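Dropping the structures in below, format is structure tokens.
Below, chain A partners chain B and then partners chain C, in two separate complexes.
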Partner chain A sequence: MSKSTLKYIGKRLLISLVTLFVILVVLFLIVKLLPGSPINNERLSETQRAAIEARYGLDQPILTQFVNYVKNMLTGDFGVSYNMYKDMPVASLVGSAAKISFMYGLSAVIIGGVLGTLLGVFAALHKNTIWDTLATVISVIGVSVPSFVFAMMILILFASKLHIFPTQYSSMNPIGSSIMPVMALSVGVIANVARFTRTEMVSVMNSEYMTLAKAKGLDSKTLIFKHALRNALIPVVTILGPILVNLMTGTMVVEKICGVPGLGKLLINSILSNDVNIILACSFLYAAMYIVMMLIIDVSYGIIDPRIRLGKEDS
Partner chain B sequence: MDANLKNIEFLPDDFEFVGDKQDISIDVVAPAKPAWKEAIGIFSQNKGAVIGLIMIIIIVLLAIFAPILSSWEFDDLNTSLQSISPNLEHWFGTDTNGRDLWVRLWTGARISLFIAVCAVFIDVIVGTTYGLISGYFGGMVDSVMQRIQEIINSIPTLVVLTLLLMVMKSSLTTIVFALSLTEWIGMSRIVRAQVLKVKEEEFVLASRTLGAKSFFIIFKEILPNIYSQMIIMIMMSIPNAIFYEAYLSFVGLGLPVPNASLGTLINDGFESFLVYPYMMLIPAVVLSVLMLSFNLFGDGLRDALDPTMKEM
Partner chain C sequence: MERERILKIRDLTISFKTGNGKVNAIRGVNFDLYKGETVAIVGESGSGKSVTTKAIMGILANNGSIDSGSIEYTWHDENTGEAITKDIVQLSQKEMQKEIRGRKIAMVFQDPMTSLNPTMTIGKQIMEPMMFHYGKSKEEAYQKSVELLKEVGITDAEKRMKNYPHQLSGGMRQRIVIAIALSCDPYVLICDEPTTALDVTIQAKILELIQEIQKKKDLSVIYITHDLGVVAKVADFVNVMYAGKIVETGTINEIFYDPRHPYTWGLLSSMPDLDTSDDELYTIPGTPPNLTQEIKGDAFAPRNQYALNIDLRIDPPMFDVPGSNTHKVASWLMHERAPKVEMPESLKKRIEKMKKEGLTNG
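For the complex of A and B:
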């Protein structure tokens, strides 16, 4: 790694940290600006409410609250739930929910990545035939149709009509109930990856080094997988960002449809029941995940292809 | 010579037809056409894009006229007509409150389209201004504006939208506001990139040499040269806005009842979709077709107007 690469990574790291801090401040302010008291229990009298607020430290000035929050956060303490799960530590609630969402997202990326690559290679090798058209149609549909529509259709087909999988998530059968949401989530990934792989494969197959490789008399398997695909897959790093965004919105809605107790469902429920500490922790986790992934993508792309220096190349 | 030729008698089989020789042909010089005619030509070759355009027109027409022409109203509650499956009287059935879904669907499509168009309109204004200033003036201004934009851009749209609608009371205006708040960045990036390219061109230099002021150069020289990229970006943003509106409604932060948008209809249908699948399926299909059409149309437009944008 050269000095400039390190400098670039350092700069990106700094920007990410600043961004994370800005996000935390904004989130904190928004949550504090929410109308009404964070304790939503109608039966409490004014004095009782004041006592509870004092116990949680909600009566202190907002700056002190923020400093305390950040201090606690650095030790892994995200406060406790006020309404939904009385006094449960938010860190463990969010942690267990995030584990499920993360597993689903990861499975969708792996399944979608493999199938999408195969579909893209297949389409590129059968360029301008009916198979290519078919693959293109599949990927355009996959990109355009929102994942919750897929989740719904899969649910109607497999759970309601064929009774293969349970309609709602059950903790008894975590693997069986994960199949449908993962299927729904991976459709978008397949479509994105296939579309991109096809374009890249076509341009790589037309390049001169492929003609040379063919002239050397390599068999088509080595030709496709060793020479073409390896080069075609490098730029796929660029679409990981959009895929990640799709997956994040995807998990929120798909979890709602399939009743999965993941991060998305926790965030939606906490918003509906005004549980501020959970809202804060979930949104922050979403933002942090996004920023970290973007950082990894940018940096790895800068290392793979040093011509790309984001934010620098266009000035 | 002539006398010799006259003496030769030609027979029918003296000459043999060698078939079409593709490699011997006259170069056809394409007649010069205006750029927009060329673009229409390329666009109409693209079947998917034309189908997309036709579907968009059909959906827009239905969204405008179907509610007017129907005898039902979108918010007519009728408890005696609850959850009727699609039939001749109620083409798409009724919902759990006895409201006609055909009318509700197209009213919903109308509102979804309206929200998307408004949001994208604001995006264009804000994004273009930001991109033009940042790209044209460059230097310190550009650096500062780019850092700000980078920070805003790294907050996921989903978190911004969700939190914003939590604080503001959900209504048509707030949804449009929330959507435009997150979506202008894409526009400003495209505009900035194009401005950086165009401002180095010689005609800009010529204009400056003639004494033109920045204002004139930006609006008369640069802006007309980046219209096609902006149109493409607009067409790409509309399906995005439609999707995010549906997403917001689906997580329960959409338009308040009795208003309908495609998202709220899907959300309402979701409550009972295992019993009455049509309530959710029909709006979901319309939403998907709409997004698909816009994507196909946008792709076709991009290939016709500016093929180099494919990389972005």
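For the complex of A and C:
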């Protein structure tokens, strides 16, 4: 990596940090402005409640609370759960949930990315034939039907009728029980990637440089894999990152249906029970992931596409 | 010395299936290409110039098909030196790809800004065809590519090998495209408007480069262009094309100094030059015909102020111009019973001037 690439990444990192800080301020304020209190046990008396609030530092002015929160955050301490998992550190709660969600999301993106690319290329190469139409129909269905509907359908088919896969998440069988939710999640990815790849591939195949490559007398295998695919996939890569983040946030319902103890489920439950620190940590994590993802994509984009590769002096 | 025929195109008819019906893009084209010579195909956009050459390369769009005719290509076997003649039209796509395309007939494209793969280094793009067709090793291919780059006038060849297309100027990119075309030592080079997309200052240099290489390697070149200035500089023979047919063919001097077809008159009259600044530049009235419809008679008749009645009914055959065995014209005006029609006065003056200045290379 050249010097100016590093400089560019450094600059992007700095901007990301500022963005994250702003997000944190906004999140913190919103969470504090939420009606109700995390100490919501009705049997507590006023003095008991005040004592608990004092113990967690909730009686202090909001600015002090924020400064303390940031200070602890920098040491990796995101506070403790107030009521869902009494006094458990949020960092480990969110961490283990995020790990599961991330694995699910990543698997769905990888599976969906590969299958979607294949489907898209297939459709593009059979443009305006019955195969193209079929592939288009599949991807339109995949894009328009929400993933939880697929989750339900897959559950009914594979779990209730065929009894191939377990219905619910089980920590005893993490891989087996992940098959169905990942399948449900990847349908949308396949559809999106296929649609995108098809469009890109069609325009690349019609480009002048493909005519030149053809005029060189290359066979169609070389034409497609060495010349067309790379150019067609550059724009596709840009949508994979946001798809992954969307999957992680969008898995909530699928996680709920399949009983997966992931980030989505944790966030929903924490909102329902007003567990402020978990809400904060989850939301912050989503924002951070999004930003990191965009950064990774921008940098990798430069590696794939030499036109935006930075730090090479143009002649 | 006897001229050696490389390409013999007879009665080539090509049509495209489109949403608006069948387009008869090429309607019976004949021409020959001899070793070491340059043939130019001139005509308006949509006259079928590019389609003809794409057919020779076997890279017609998927909706296009050769309905009839032949493209006979003659080459010498690399080992035995024996002459082999094959009809390209009869070859399968696979045979075309393996034997002909890139290897024996190569092409230089119109717009160097879009005709190079943006994500592949220059070096790879030049090395690719020789490694693919001749199984050359990487080192061999690299050496030859560097030589080729030098040959097409690129300084810093080794450095340029690592560059990507976007790092080079348009003129340099066109040189790269030429280097790619030369990479497999073809016999025939097809140049599809090779200078149209370039800066005027670069145009002449690229033309000179192609001529220089042609001489050095004894290549046969087909030029497609609408620019008669280019034709004058490079061609030995000219085919004037209109609506998918060749309407006049001859040597460069015959076409420029003794044009016979009213369409050629129109083309020559509409060539801008420095003396015609005071009046408006001549344009041929009307537009080319719609090739989805059956054309009755001469396709140019509706735009032709000299059209005869017969032009509206029967398509003129190729008439030989008396006293020449190369000059042929598809116009009823050439018939012995046709009224005598002279070319416009202004064009006559123009031709006189061109003769004096020696505009053509002939």
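Rule of thumb we're sticking to: the second predicted complex is superposed on the first by the 273 of 315 C-alpha atoms of A that agree within 3 Å, B and C clash if a C-alpha of one lies under 4 Å from a C-alpha of the other, contacts with A are read in each partner's own complex, and residues count from 1 in each chain.
Here is the rule we go by: a residue touches a chain if its C-beta (ideal position, glycine included) is under 8 Å from a C-beta of that chain, and two chains touch if they have at least 3 such contacts.
Keep in mind it's a predicted model, so treat the numbers as computed, not measured.
Colleague: For A:S16, select first, second, both or neither according to whether it touches chain B, chain C, the two together, or no partner.
Modeller: So A:S16 only meets chain B here.
Colleague: State whether A:E208 touches chain B only (first), chain C only (second), both chains, or neither.
Modeller: A:E208: touches chain C, not chain B.
Colleague: Is A:F148 in contact with chain B, with chain C, with both, or with neither (first, second, both, neither)?
Modeller: The answer is first: A:F148 touches chain B but not chain C.
Colleague: Would you check which partner chain A:A51 touches, where first means chain B only, second means chain C only, and both and neither mean what they say?
Modeller: Neither partner.
Colleague: Touching A:L6 in the superposition: chain B (first), chain C (second), both, neither?
Modeller: So A:L6 meets neither chain B nor chain C here.
Colleague: More residues of chain A in touch with chain C or with chain B?
Modeller: B
Colleague: State whether A:G217 touches chain B only (first), chain C only (second), both chains, or neither.
Modeller: After superposition on chain A, A:G217 lies in contact with chain C alone.
Colleague: Is there a shared patch on chain A that both chain B and chain C touch, and which residues make it up?
Modeller: Common interface on chain A, chain B vs chain C: 314-315.
Colleague: For chain B, which residues are in contact with chain A within the complex?
Modeller: Residues in contact with chain A: 48, 138, 142, 146-147, 150-151, 154-159, 162-164, 166-167, 192-193, 196, 239, 243, 246-247, 250-253, 266, 270, 273-274, 277, 280-281, 284-285, 287-288, 291-292, 294-296, 299, 310.
Colleague: Once bound in the complex, which stretches of chain C touch chain A?
Modeller: The touching residues are 57, 59, 97-98, 100-103, 106-107, 109-111, 114-121, 128-129, 132-133, 163-164, 166-169, 177, 180, 184.
Colleague: In the complex, go through chain A and note every residue touching chain B.
Modeller: 15-16, 18-19, 22-23, 26-27, 30-31, 33-34, 140-141, 143-146, 148-149, 152-153, 155-156, 160, 167, 199, 245, 248-249, 252-253, 256-257, 267-268, 271-272, 279, 283, 286-287, 290-291, 294, 311, 314-315
Colleague: Which residues of chain A touch chain C in their complex?
Modeller: Where chain A meets chain C, its residues are 207-209, 211-219, 222, 226-227, 230-231, 234, 304-307, 312, 314-315.
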